[in-house]
Each structure stands twice: as C-alpha cells, then as structure tokens.
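Chains: A, B, C, D, E and F, in written order; residue numbering restarts at 1 for each.
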Amino acid sequence: MEANAVVRRMEQQLEASGETTLDRFRRGWARLQEVDGEAGARVVAGLADLAPDLGRYIIEFAFGDVYVRPGPDLRSREIATVAMLAALGNARPQLELHLHGALNVGCDRDEIVELLIQVAIYAGFPAALNALAAARKVFAERKVRGV
Amino acid sequence: MEANAVVRRMEQQLEASGETTLDRFRRGWARLQEVDGEAGARVVAGLADLAPDLGRYIIEFAFGDVYVRPGPDLRSREIATVAMLAALGNARPQLELHLHGALNVGCDRDEIVELLIQVAIYAGFPAALNALAAARKVFAERKVRGV
Amino acid sequence: MEANAVVRRMEQQLEASGETTLDRFRRGWARLQEVDGEAGARVVAGLADLAPDLGRYIIEFAFGDVYVRPGPDLRSREIATVAMLAALGNARPQLELHLHGALNVGCDRDEIVELLIQVAIYAGFPAALNALAAARKVFAERKVRGV
Amino acid sequence: MEANAVVRRMEQQLEASGETTLDRFRRGWARLQEVDGEAGARVVAGLADLAPDLGRYIIEFAFGDVYVRPGPDLRSREIATVAMLAALGNARPQLELHLHGALNVGCDRDEIVELLIQVAIYAGFPAALNALAAARKVFAERKVRGV
Amino acid sequence: MEANAVVRRMEQQLEASGETTLDRFRRGWARLQEVDGEAGARVVAGLADLAPDLGRYIIEFAFGDVYVRPGPDLRSREIATVAMLAALGNARPQLELHLHGALNVGCDRDEIVELLIQVAIYAGFPAALNALAAARKVFAERKVRGV
Amino acid sequence: MEANAVVRRMEQQLEASGETTLDRFRRGWARLQEVDGEAGARVVAGLADLAPDLGRYIIEFAFGDVYVRPGPDLRSREIATVAMLAALGNARPQLELHLHGALNVGCDRDEIVELLIQVAIYAGFPAALNALAAARKVFAERKVRGV
C-alpha cells in the first residue's frame, strides 16, 4: 500500500480511539508490575535522576504498547526475552530482571534451565554458561525471599 | 560437589544407560525432522561435501541431546530459538529455518509476528525489522507450497 | 526516589498534558519525513501487510517521542545512529536509510566518510569497510536522483 | 547428495563403530583436563547443582567430539578459541579459562599478547584492551601458583 | 583504479611528506590528552607492562592518524564513539573513558543523556540502560573532582 | 609506570629509530601481498574513490605495524583472524578474504574446516554453518583458479 494511505488510515484509527499517553502509561504500569514486580519498579525509579523519560518509555512503549498485545501469553513473551538476553550476552542486569519476570508469569525453574541449555546451540556454550550463572543468582534471591 | 565425584557419577550413569551414539543419532534425526522438516534435512545434506560431521553433531547434539529433553515443549523451544536468532541478527538462513520450525510445531503466524515486534525492545528496531523481512519470505514460501 | 512517587508524578504530568497517541503520531510522522524522507515512509508502508503497528511504533516512539526531544540537533542524532549501525554491523538496510538521513539533515559526504573511518578504531576494520560499502551505494543513489 | 542417503550412511558408520556416550565422555574428560586442567573441571563441577547435563555436554561434545578431531593441534585450537572469545567480548570467564588453556598446551605469554594486539584490527581496540586485561589477570594467577 | 597505481601514488605522497612515526606519535599524544585527559594517559601507562606497543598504536593510529583528520569536529567524533560503545554494549571501561572524553570536548550532560536514550531505538533498551549506568558513574566522578 | 615517563621513553625510541610512515607502508604492503595476495590489493584499490586513507591504514597499521610483529607465525595469525571473523558473523567479505589468506600462508583446507567446526562451541552452530558456507565458496574459487 502507498505510504500516505497507510499513514492516513493510522491517523483515522488513532483519532477514533482517542487513546492518550496516560492510557498507555496506566496500562503499561499495570503490565510491568505483573511481569517484573518490584524489580521493574526499581528500574523506573532508578532512572528518575538522570533520564526519567526513558523509564516512562519502558512503561508506555515496552509494556503499554508491546507487552499488552494479543497473541503470545506472558509466559511465551518472557521465554523469548530471556532467550534474547542470554544470546546477546551483554545485558546481565536485564537478564536477571527477566529471569525473575519469567518465574513471575508462570515459567518454572527447570523449564528456564532447559531453555538456557538450548542457548548453547545458537549462541555458544559461553553464552549458556553465563546465563546459567545469572539464573543461579536469581534462584538464590527468590529462595531467600521465600518466593 | 567435587569435580572428580561429579565425573565419576556421570560415568556410572552413562555406563548404566549403555547409550550409543547411534541411539542419539536416531533420536535426533527424528526430532530434527519433526521440527525443521525437509529444510533441516537439506542443511545436513548440504554439509556432506565439506563437514559431514558438523551435520552429524547438529543431529546428535542439538536435536538428539538438547531438543529431546523434558521440560519446555517444542513450541516454547522454537519461540526461544527464533527470538535468539532475531536478536543476534547475523544468522538469516538459520532464522528462516527456525521460522519454518516454529510454524511446524504449532506456532501461528500472528504469534510469531508479535514476538518479532517484541525483539525491538531488547535488540532494537533494526533487528525486529530484519527478522520480519525473514518472516515475510518464510510465510510466502509456505503459501506457495500450500502449507 | 521511591517508585510509587515517581509513577504518581508521571501520571499527573501526563494527565495535565492531555497528550494523545494521535499527537505523538503526527509529531513523529513529520519528524520521520524530515529525517528519512521518502525512504522512511517506504519502511512504514512496507510493514502494512505484516506488522503495521511496528511501523506505527517507529513513527510514534522512535520519531514522535525520541527524535523530537530537545538537546542534540538532528545532525548529531544521525551521526550517533550511523555510528551505532556501522558498529553493530548487522543492519545494512537501516544503515543505508540513516546514511540518507544523515545527508538529509545536513551532514556532508566527507564528514560521513570520516566518521566511518573512525569506526575501525572501536569496532574493527571490517565494520568500517562494510559501512563504507553502504555509503558508496547511498552516495551513488543520490547522484542518480540528483540530490 | 540426497539427505536420506547421507543419513543412512551415517547410521551405518555409527552402527559399525559401536561408539557409546561413555566412550565420548571418557575421551572428552581426558582432553578437557589436558587443555583446561583443574579450571575446566571446576566449570563442570560448578554446573552440578543446576544443569549437570550442560557440563556433560561440554565434556562429550566440545571435548569428546570436537577437540579430539584430527587436524589442528591443540595450540592452534586454543589460538582460535582465545581469538573468538576476545573478539566477541562478552565472555570474560571463558576467555580467562582458555587463556590458561592456551598456556597449558604450549602457547607462550608473548605469543598470546601478540594475538590479542591483533584483535584490535578485526574487533576494535576496546575488545583488544579488555582481552589484555583478562590476560594480565591470568598471567598473575599463574605466577602466584608458580606455573 | 588499479591497485599498483594506487599504491605507487601513496608511496610518492608519503615520500614527499617525509612523515615519521615520531610525528604521528606527538600529534596523537596531544590529541589524546585533549580528548581523554589524564584517563587516556592512564590507559597507555597501564599497557606498559604487557603490551606497550598497543598503547603506542592507540596514540599513533587512533589519535595521531584518525582523530586529527579534518571534517567532523571533536564533539561529533565523541558523539559517534559514545554511540558505538553504548550500542556494542561490551566495552564498559572504554565507554566510561569516552563519556569523559565527550564532556571534555564540549558535549554537555543533557545532550549525552539524550543520545543514550536514542540508543534504545537501535540497540535496544538494555543497551541504553547500561550506558546510562555508565554515564551516572562518570557524572558522579566529575562532580567529586569538581569538573 | 607513570604515563609521562612511558610516553617520554616511547618518544626517545621513535626518535632513535627514525622510522617513517613510508617505511611502515612499504613493510605493510609487502606483508599484505604475502597474506592476502591480489584480493588484499583489490580491497585497497576499492577504497581509492571514497576513503583511500582507510586503505592506507590497513597497509600501514594492520600489516605494517601488527602483522609484521615477531611471535606468532602468519599461519597462527590467520587462524586467529578467521576464527574471529567467523565468530563475529557479520563480516562475510573479510572472512572470505582471510580464508584465502589462511590458505596462502600454509593452512590446508581440512585444518580450516576443523577450526570452523570448533566455532560452533563458542559462537553457536549458525556462526559455524555460515562460516563453512564462506569456506565452500573460497575453496571453489581457488579450484577454478587452479591454486
């Protein structure tokens, strides 16, 4: 389809929906808490000094736009996120956050360990080993907190 | 646990199991066909000239050891693999293969598109866009073949 | 600051602003055209079949939220983007798009070539060489179009 | 060659060889100790709580299948591994392990330093600098242990 | 142009210029100090034990050849470097060094924060978040030192 | 050692050596031809239109400074380079060039295939498969040329 037609239709849909950024924010904040719990809130609060709007975009875009979409359930979404972060291998704090997230939305420990073993096939054994080290830490944190 | 004790126990278990490489190969070949169909077989056949044993390791290790493990179902495994390959962004042929794989084991098109949109959050919009281009090609191939 | 206080303040600001997604969309569409011209519109149109909302998020989030923020001028933003895509080395279509973008917002060819030479220091000579190959193509396209 | 023919021939060879997983495990364990010494054993033991089979796959596949193959000597293999891990830049623990490995199988310190300098050409100066920091730590550990 | 002709012309130009490695070294050392200040000097000094020539190449090639070239001013060069290192996400010490560098050559804190927010679009939110954590540390160091 | 002392000593050594950029260029050009043959010359010539100095830096720095250093022989250097480029997975033209290079300086085909199989352990099977595809092409090119 021609670009102008695509854009005009999007404008019409957005006008009809009347969606505000506040709507997206509230929807995203609820979803973020459901997935990441307190730790997700801490990420947003931790940005308040330096880049509060990046925290807001995480709520509005990542959780208010994307994570609320129909289709994959939250368990599938967290499996995908954990797999991506483990494969990239350069985002340890976010991997830990989403290992908690995966457990929060219904993955169990054994399933996560299995998926991290699978990382070895596609991103190499070092990526799998380092992701398992993150998982060990996350599992221990939850044991201490009695989750 | 001390390394020698760990290793000794593994040896005892392997001795008890009597598992042969042929067992692993047959198990892996069945699983590879289930996940990747003909396209997976083509990868193995395509290695026959240069590195047949790498094809054999894909069958034996990736599919005969890992993809047969209990825990995540094949749908979850393929979601993780597609997510990893999309995020890494440097493995287009394998991404296409596993987009077929994901569809073969029960993911539907919409779900895959949703997960590729989610790639934008963790690996950036270019990675998501390029993965969607791979998905467009795979969906078209399947339409032609009437799958 | 405590997370709930941060979030409450954001809600109040969003409520006061009354910003709608349509506002963001219009702002982003104008900015996208300014930076990427027709080629940016083609990316959005090209997503209409498969993932129209990803095109919408590029407009709303990338251009309507981020590229309109105060601070760095568009030239600085495009220098950063070209540098990132050249260094990552796995996003050729997007690198070409933003090489056009950089030229659209006031970078000249020599300056871009200089920055791509600098890529060799931080991401290696192959990344620099491949980015220069993209630049050669983009410069030729613009010559043909008489830009 | 056609896939089924390739697979049938592999099955016949595996049947003829009678190789068991225990054979691979023993071969791999010997090779792992030769290359990585005690530190390699610690990696396997460290996985015993969470993912013992990943440790087993390192022994069986990485060392029992691949590192025992004819062709490159162990020195060449460790040069390749150190170079890969230095270039990827996101696998520090494994880089340290294989810097020890390279020294264990006959590389000398000067040669390793030279190869890490070469990393700057292909993966950038930061990758080379961070790999040299890993090498400095490994050299110091060996001095303390009098190796 | 044919390779031999290109090479012959380069030789003639170098012969005419009479440039020595000492010229490049002095030029580079001045530029390195201008950009990275004391911290750059520390990188070079820190290599003196293990790979002094890598420190020399940073001075001669990175700063004596590349950073002195005409075209982009130092502010643009540091914007590009910070963006690359933030996007790659595996070079934290060098990112910190160049965040100092960017501030040394005229970027202000707000501008850097804005560019790091932009990283989220092209390399994902984790890369942006981790780069902002580096920026927080660098800003605090400068506050302590009263810069 | 203190930075100023390190730098002063380097200056003295460079002054004593009297090395010119022309010396480095000639040394590097000879080494580049030895390693990469005609294909290396083509890379330099191909940069003559857009970034001739990047071609010059490849000759002067990569080959005139680094590849001429004592220590690893050229075979070891090319093993490291091929391994790095295969693991990074985003530098296909340079991987092909250095596969030729490795064969030019004494690696044989079987040895290269073995090392590319090993890539699967550290960077995943997709990286190994894609590097083998590059090797297949390079081996065929050499067969045609009768090398």
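The criterion applied here is as follows: contacts are C-beta pairs under 8 Å (C-beta built on N, C-alpha and C of every residue); 3 or more make two chains touch, one makes a residue touch a chain.
Here the structure is a predicted model, which means the values were calculated and not measured.
Under the contact definition, subunit C and subunit D share the contacting chains A, B, E, F. Touch-path distance (fewest steps) from subunit A to subunit F is 1.
Its interface matching that of C-D in over half of the contact pairs by residue number, A-F stands out among A-F, B-F or D-E. Across C-F and B-E, the chain pair carrying more C-beta contacts is C-F.
For the copy pair subunit B and subunit F, the superposing rotation over Cα atoms measures out at 120 degrees to the nearest 5. Of all chains, the one whose mean C-alpha position sits at the greatest distance from that of subunit C is D.
Comparing the contact residues of subunit A and subunit D by number shows a mostly separate set, under half of all numbers used being common to the two copies.
If you average the Cα atoms of subunit A and of subunit C, the two centres end up 23 Å apart. If you average the CA atoms of subunit B and of subunit C, the two centres end up 33 Å from each other.
Shared contact sites, meaning residues of subunit E that touch two or more other chains, fall at 49, 53, 57, 61-62, 66, 69, 85, 88-91, 94, 113, 117, 120-127. Here subunit F touches subunit B in the complex through residues 88-90, 113, 116-117, 120, 124-130, 132-133, 135-136, 139, going by the rule given at the top. Residues 120-127 of subunit A are the ones touching subunit F in the complex. Those residues of subunit E whose C-beta lies close enough to touch subunit C in the complex are 61-62, 66-67, 69-72, 76-77, 79-88, 91, 94, 110-111, 113-115, 117-123.
On subunit E, the positions that touch subunit D within their shared complex are 43, 47, 49-51, 53-54, 57-58, 62, 85, 88-91, 93-94. Considering their complex, residues 1-4, 6-7, 10-11, 14-15, 17-22, 24-26, 29, 38, 41-42, 44-45, 48-49, 52-53, 55-57, 59, 61, 65-66, 69 of subunit D touch subunit B.
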